[in-house]
Amino acid sequence: MRFEEAYSGNVFIKSGTDYGKADAVIYGMPMDWTVSWRPGSRFGPGRIREASIGLEEYSPYLDRELDDIRYFDAGDIPLPFGNAEKSLKLIGGFVRQLLSDGKIPAGMGGEHLVSLPAMQETAAKYPDLAIIHMDAHTDLRTEYEGEPLSHSTPIRKIAEQIGPHNVYSFGIRSGMKEEFDWARENGMHISKFDVLEPLKEILPTLAGRPVYVTIDIDVLDPAHAPGTGTVDCGGITSRELLASIHEIARSDVRVAGFDLVEVAPVFDPSEQTVNTASKLFREMLLGFVK
Amino acid sequence: MRFEEAYSGNVFIKSGTDYGKADAVIYGMPMDWTVSWRPGSRFGPGRIREASIGLEEYSPYLDRELDDIRYFDAGDIPLPFGNAEKSLKLIGGFVRQLLSDGKIPAGMGGEHLVSLPAMQETAAKYPDLAIIHMDAHTDLRTEYEGEPLSHSTPIRKIAEQIGPHNVYSFGIRSGMKEEFDWARENGMHISKFDVLEPLKEILPTLAGRPVYVTIDIDVLDPAHAPGTGTVDCGGITSRELLASIHEIARSDVRVAGFDLVEVAPVFDPSEQTVNTASKLFREMLLGFVK
Amino acid sequence: MRFEEAYSGNVFIKSGTDYGKADAVIYGMPMDWTVSWRPGSRFGPGRIREASIGLEEYSPYLDRELDDIRYFDAGDIPLPFGNAEKSLKLIGGFVRQLLSDGKIPAGMGGEHLVSLPAMQETAAKYPDLAIIHMDAHTDLRTEYEGEPLSHSTPIRKIAEQIGPHNVYSFGIRSGMKEEFDWARENGMHISKFDVLEPLKEILPTLAGRPVYVTIDIDVLDPAHAPGTGTVDCGGITSRELLASIHEIARSDVRVAGFDLVEVAPVFDPSEQTVNTASKLFREMLLGFVK
Amino acid sequence: MRFEEAYSGNVFIKSGTDYGKADAVIYGMPMDWTVSWRPGSRFGPGRIREASIGLEEYSPYLDRELDDIRYFDAGDIPLPFGNAEKSLKLIGGFVRQLLSDGKIPAGMGGEHLVSLPAMQETAAKYPDLAIIHMDAHTDLRTEYEGEPLSHSTPIRKIAEQIGPHNVYSFGIRSGMKEEFDWARENGMHISKFDVLEPLKEILPTLAGRPVYVTIDIDVLDPAHAPGTGTVDCGGITSRELLASIHEIARSDVRVAGFDLVEVAPVFDPSEQTVNTASKLFREMLLGFVK
Amino acid sequence: MRFEEAYSGNVFIKSGTDYGKADAVIYGMPMDWTVSWRPGSRFGPGRIREASIGLEEYSPYLDRELDDIRYFDAGDIPLPFGNAEKSLKLIGGFVRQLLSDGKIPAGMGGEHLVSLPAMQETAAKYPDLAIIHMDAHTDLRTEYEGEPLSHSTPIRKIAEQIGPHNVYSFGIRSGMKEEFDWARENGMHISKFDVLEPLKEILPTLAGRPVYVTIDIDVLDPAHAPGTGTVDCGGITSRELLASIHEIARSDVRVAGFDLVEVAPVFDPSEQTVNTASKLFREMLLGFVK
Amino acid sequence: MRFEEAYSGNVFIKSGTDYGKADAVIYGMPMDWTVSWRPGSRFGPGRIREASIGLEEYSPYLDRELDDIRYFDAGDIPLPFGNAEKSLKLIGGFVRQLLSDGKIPAGMGGEHLVSLPAMQETAAKYPDLAIIHMDAHTDLRTEYEGEPLSHSTPIRKIAEQIGPHNVYSFGIRSGMKEEFDWARENGMHISKFDVLEPLKEILPTLAGRPVYVTIDIDVLDPAHAPGTGTVDCGGITSRELLASIHEIARSDVRVAGFDLVEVAPVFDPSEQTVNTASKLFREMLLGFVK
């Protein structure tokens, strides 16, 4: 169960060495071939791991240490360059195995399309699954210039599988008119622009249910995450995103799987984006893995 | 046999091809030769156009699409390098022609001095014109180290032409003591540090009047717009600037002309500044061109 | 009312406006989805065009001006992100049309795999075609981690189509042992490390024949072209590459098609790579289009 | 025959030329050898001085000009590379001299450890000294991987010297559990995450007392200060930091010494961090030197 | 109480402090307003001085130390932004004063137009002056898009003043056909592409004469000097440029003045260009100032 | 024998997993605290490993594959930040162990001072050891501003231990006059500027002897290795350095240990330096480990 990493990095800091004892399993999905604008997120997982070495192991937000939880970093799944269909199958197969072994899948992208098979497999295990989606973009297209497998489509596809009313999007500030219309007409929740306040309202209604949390780093304002494929101004701060993660952690939902995607290091020579992603991932681990 | 390019653009996205049918005309002013600190804004208009290809055509803020309005991108006005006087004459002549043809001038800089002839020509057509100016700097000098044609002087010059009480500056956080004194003593409005709240108070008093909106990208905090000549911390967020544009769009003023200036791409390897400028310009088009 | 833009270009400098009158047709192929290392070459064609605005129109090497030849820039072919198979078909179809109209195809990549359909179509028209290939890499794999459509395979595929003895590679300094062995055993020419001297020996043997010239910018040493996906030290200088282009221009071969690929602007903040690519392309136009 | 340089500076703008007449003395401490993550802050003081040339001399926040106060920039203290112990002694000796001459020491780092001797000497002169510390990190370790002289330890060491109840930390968001525990158990004040609001509460309790203000630039969110060794998301804005400086300036404490540390220019190609540091330092001078 | 700074410099390393005793005087000309492509060279002189701090004081090429010669760094001449005419007058006046005081002017640009007044004044003093010019570009235009004061014109203007047969250009690889024609028809020497070998042939013919040496950093290949306004591939190496400077130093000409121009730091985040310029300038000082 | 890596990276490509079976052992020395100019080489080893993933496993220069040799990557030695003395002891102890186990030490720096203990231990084992040193700098100082443990001193110290006539430096182009004098007076070999040709002359005289090869990446011209602490123009090309490594590989010396130092990734956003270092290290492994 140990992949040879594709681009760099060893393991996320304090990763355990025994797959069997882990409650959560970290894995990278170095795929960026369906993006319509700037590629480069394939190097995200490796650099997030590299940056994790600079992290403190303790969270003053959650008053919890990485030693308090058990996780295993499995490395990056080797994916065939330029073949989206086969890549998604490989990711799906791996996540299915994790779920079957009772692990919480904890993915790092890669473009947002990699979240689709993880969400699909999690939904297959948990029929009452809800999706909490934080993003600048709706990702509700049915295709992008003729291609159904595109980074603009994963939320639409999972919504069609589990029912749009089970999908909750936050922070959205870009999309086609048709996408917003489709969401409204089909009972899917979209909070435009904001994350924390609407999340506080929604979470109690999901109490007791399993949720999959998928965060596209571009939900952050470009000031806070310039290293991503499609920067879009008017986003939230890293403080609001941290607080939103903590809000979920303290709520009564049960996180059945999660991921953080679209970190593209090359566009950020200051490396603040990978450092931020690394801290966000630490908080997700500490908050979501009980 | 001519493709719509995928990644390089010579016009702002969705620009019409018929000057005659356009309500607004976009034009670039690639001049940066009077700046006292970092030059480079001559490349602003070209890169803003390039970035516009990555934009959605729909604004979830204004619930409006680019197809709903009519504009024409005329390209960059060729300006003689290092000759400020002649450059301003060329810009003035072009804007006069646009106004005479009933178009709304929609300029992209270049340094802030390029706004001067556009404001002057618009004021010549509309005697009751008011200026809405968003900027980190007062730009109220009479000269800069002996040069009357400097990027530190345009607001002073237009204020002297149309009367200081018709000029409203927002977000100002840098200037000489003498500039602030002059404004106060001559009845010109300056809102220090903030934009949105004071704008909400001023706009009703301008109801029914024509206004020219000039935005220096450095009104944004450097976190949100590092790619500009003179970064100055303590600025507003891109959310506040977007909201301010929308506030004008929904008010009862009539926008007779507008511009966005001082985008200098070379200082921002992440390209967030040109992407942000591109989205701001989309919102200005959708909000100001009825 | 439309200016020739000053700093952003949608066509290569001095491109004609009439497809019918052109002897050569420039086109971009913004595809980078099969690369195994750093993607980003999709932005190559657009930035090469932008940089061309800074070029002189005269070549002191060839004593020839761009006004002396006739070419038309058709823009970038729209390609479906992440779908290599369909992309190659679209490129092939376009090049077939050009050849059928009697034009010389002059392509800009994109990753090296985009050269494959262009070479294939040119070979279909000219049965005695030879390939002149300058590159750091053999590109002779039959597949890359299971994928037959990969940027590591185009030279192998064209060699199998037209016969390995009709393919001449220069400057090669990286590849698998099996690739070098295959070339040697099958009569394909490989000049390791050098370009100019071996080219001088080969060209007379090709006199009178049609050739397709494909240049991967990474044949240059990283010092001369850092902005590419896979940098590989020990390469040639830009002087040697210019001289090699001029050597072909002055020889008795007939250039039936050519391309320049793998320019990935994001990895070179100095922009020297796009400027260099732009000058190389000018020299190819002036030298290859009679 | 000596010009005031236009774009390179060896002193902070408007520095006086007579040490004797100065109320405050600026000095750089170009040391970065004990940092555990990214070094580079040795170049901070030089680049902050360079950036100061682009500053206005007037503060619209404090309505005060640099001509209103008297300070002298003494340059950078030459420190022996890689020898922390000797470096601290040299800094301590210099600050002792300044205090003995009745000057306010105004230091620029360099890593945070350089603040230690300055704080120690100031405490030696003022027995009732309080420390106001703004930082992302606790800096309360007793050692770092065996080294007692580390950039993770200065606050612990000064707290042990003057008593933990005289140390007030603000904006803290990273540290070991043990550090937070030690602070709580020993009566040291730590405000997590925020600066301005808790500072407003604390300042009245310090009225009349001498304080040393030490600001680590990483108290700012990475969006506002990417150019530092250890970026840590979830920080405060530059507006909040400016307001905090002004709050101290307007309070009844007496600033006996201050510094700004951890500016590492190489990680910020946009140069916003040095520009921000330069403006912050101007406000500290205008606000703290009466 | 004033330290020799460690990392920021306002004078070139080892500059003397007494103008009167100096044989050569260094001065910066921070002007970049007539360039047609990328501005930014105004920051060249400041950063060359900063980089000089990292230089060794001894040249193993010339076996000479900076202590062996006497020079004085006068700082940057303050020039009015965007006003080329006035700037040239100020430079000319300063150089005239230097020559009148018996000093060798040693200028740092700034764009190449700044060399014009220095060459003109030197020619006024030495009627038999020859110009040695190293550059990628001819700089022989009479105007640029209507502007006679342009960075494309200085060599033409000095050639017209002192006679084209007294001007020797080396390394030229870009220009208009008309410029090369004019040079050939008027007896001006142009060595295309190369510097060292043709220089070796020319130097003996200039024995005993005063020469002004003007070096545009872009004579170097972009690999060796990416930080300049107009990069142009196919240039010489830094080894060839160093050897060329040494060739002049060892020849029988007398250097009456010299400069190094067009260093634009912002385009080179690696800072190799300013470091290279700094070493080149050291060798020019050691070789040309006897 | 497996260290937790300090900064990133896993292992150099194709590293074996069994220390016992390895002929050579790779180890990183992430120390940069005594450098006098730009620090950052502590991140060198991690990024060289990361870049190694993009390498081909076959060398067309040596016709050899990584599978043909046996080596083990032990990770980075954890070193105490800012404590040079202790760091050198830790390195020395590790290398002594390797030599005692019959391994060839293959180090990656880090600053050049880290080579000292490795050379010292190798000399302790092989009394007839010769040093082959490629560098831009002499590194022959006895101290740097009072510090005997400095990156400017390692060659002097090893020369004093094993006798200057056993030390051969190549490519040197910077140093104090005293350093060159000392070398000449004490019988140490220094080849100024060049590497390959003098190496060809020296190698036969060393036939049969054990040698330690230490390469400072700055022996390359900055064009070929901008990512290093002290760039110095006039250096050799990567082709010459590759050929020099191959020359040693084919000679009759026996390489008893080797290292590659001073790679500082942050100064090279194009990442060409780490890619080049990675290929150089592959060639050293293939050429030196028999």
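We call the chains A, B, C, D, E and F, going by the order they appear; numbering starts again at 1 in every chain.
Everything below uses one rule, namely that a contact is a pair of C-beta atoms (placed from the backbone, for glycine too) under 8 Å apart; a residue touches a chain by one contact, two chains touch by 3 or more.
Quick caveat: nothing in here was measured; it's all calculated off a predicted structure.
A.B. asks: How short can a chain-to-chain path be from chain C to chain F, counted in steps between touching chains?
C.D. replies: The fewest touching-chain steps linking chain C to chain F number 1.
A.B. asks: Which chains sit in contact with both members of the pair chain C and chain E?
C.D. replies: Common contact partners of chain C and chain E, which must touch each of the two, are B, F.
A.B. asks: Go through A-F and D-F and name the pair with more C-beta contacts between its chains.
C.D. replies: If we tally the C-beta pairs in contact for A-F and D-F, the bigger total goes to D-F.
A.B. asks: With centres defined by CA atoms only, which chain is the most remote from chain E?
C.D. replies: A
A.B. asks: For the interface formed by C-F, which of the candidate pairs C-E, B-E or D-E is equivalent, sharing more than half of the contact pairs by residue number?
C.D. replies: C-E
A.B. asks: Taking only the C-alpha atoms, how many degrees of rotation bring chain B onto chain E, rounded to the nearest 5?
C.D. replies: Angle of rotation between the two copies: 180 degrees.
A.B. asks: Can you give the whole-Å distance between the Cα centres of chain B and chain C?
C.D. replies: Centres of chain B and chain C (C-alpha means) sit 41 Å apart.
A.B. asks: Using mean C-alpha positions as chain centres, tell me how far chain B is from chain F in Å, no decimals.
C.D. replies: Distance between chain centres: 55 Å.
A.B. asks: Express in whole angstrom the distance between the two chain centres, defined as the mean CA positions of chain A and chain D.
C.D. replies: Each chain reduced to its C-alpha mean, chain A and chain D end up 38 Å apart.
A.B. asks: Send over the residues of chain A in touch with two or more other chains.
C.D. replies: 36, 221, 223-224, 267, 269
A.B. asks: Which chains are in touch, pair by pair?
C.D. replies: A-B, A-C, A-D, A-F, B-C, B-D, B-E, C-E, C-F, D-E, D-F, E-F
A.B. asks: Applying the document's contact rule, which stretches of chain D touch chain A when the two form their complex?
C.D. replies: So the residues of chain D in touch with chain A come to 36-37, 172-177, 180, 192-193, 221-224, 226-227, 230-235, 267-269.
A.B. asks: How about chain B: which of its residues touch chain E in the complex?
C.D. replies: 32-36, 38-40, 42-43, 78, 80-84, 144-147, 149-150, 266-267, 269
A.B. asks: State the interface residues of chain F toward chain C in the complex, per the touch definition above.
C.D. replies: Residues in contact with chain C: 54, 56-58, 60-61, 63, 65, 221, 223-224, 237-239, 242, 269-272, 275-276, 279-280.
A.B. asks: Would you pull the chain D residues touching chain E in the complex into a rising list?
C.D. replies: Going by the criterion above, the answer is residues 1-11, 19, 25, 27-28, 30, 42-43, 45-47, 49-50, 72, 74-79, 269.
A.B. asks: Touching residues of chain A toward chain F in the complex: what are they?
C.D. replies: Residue positions touching the partner: 5-10, 46, 49-50, 53, 269.
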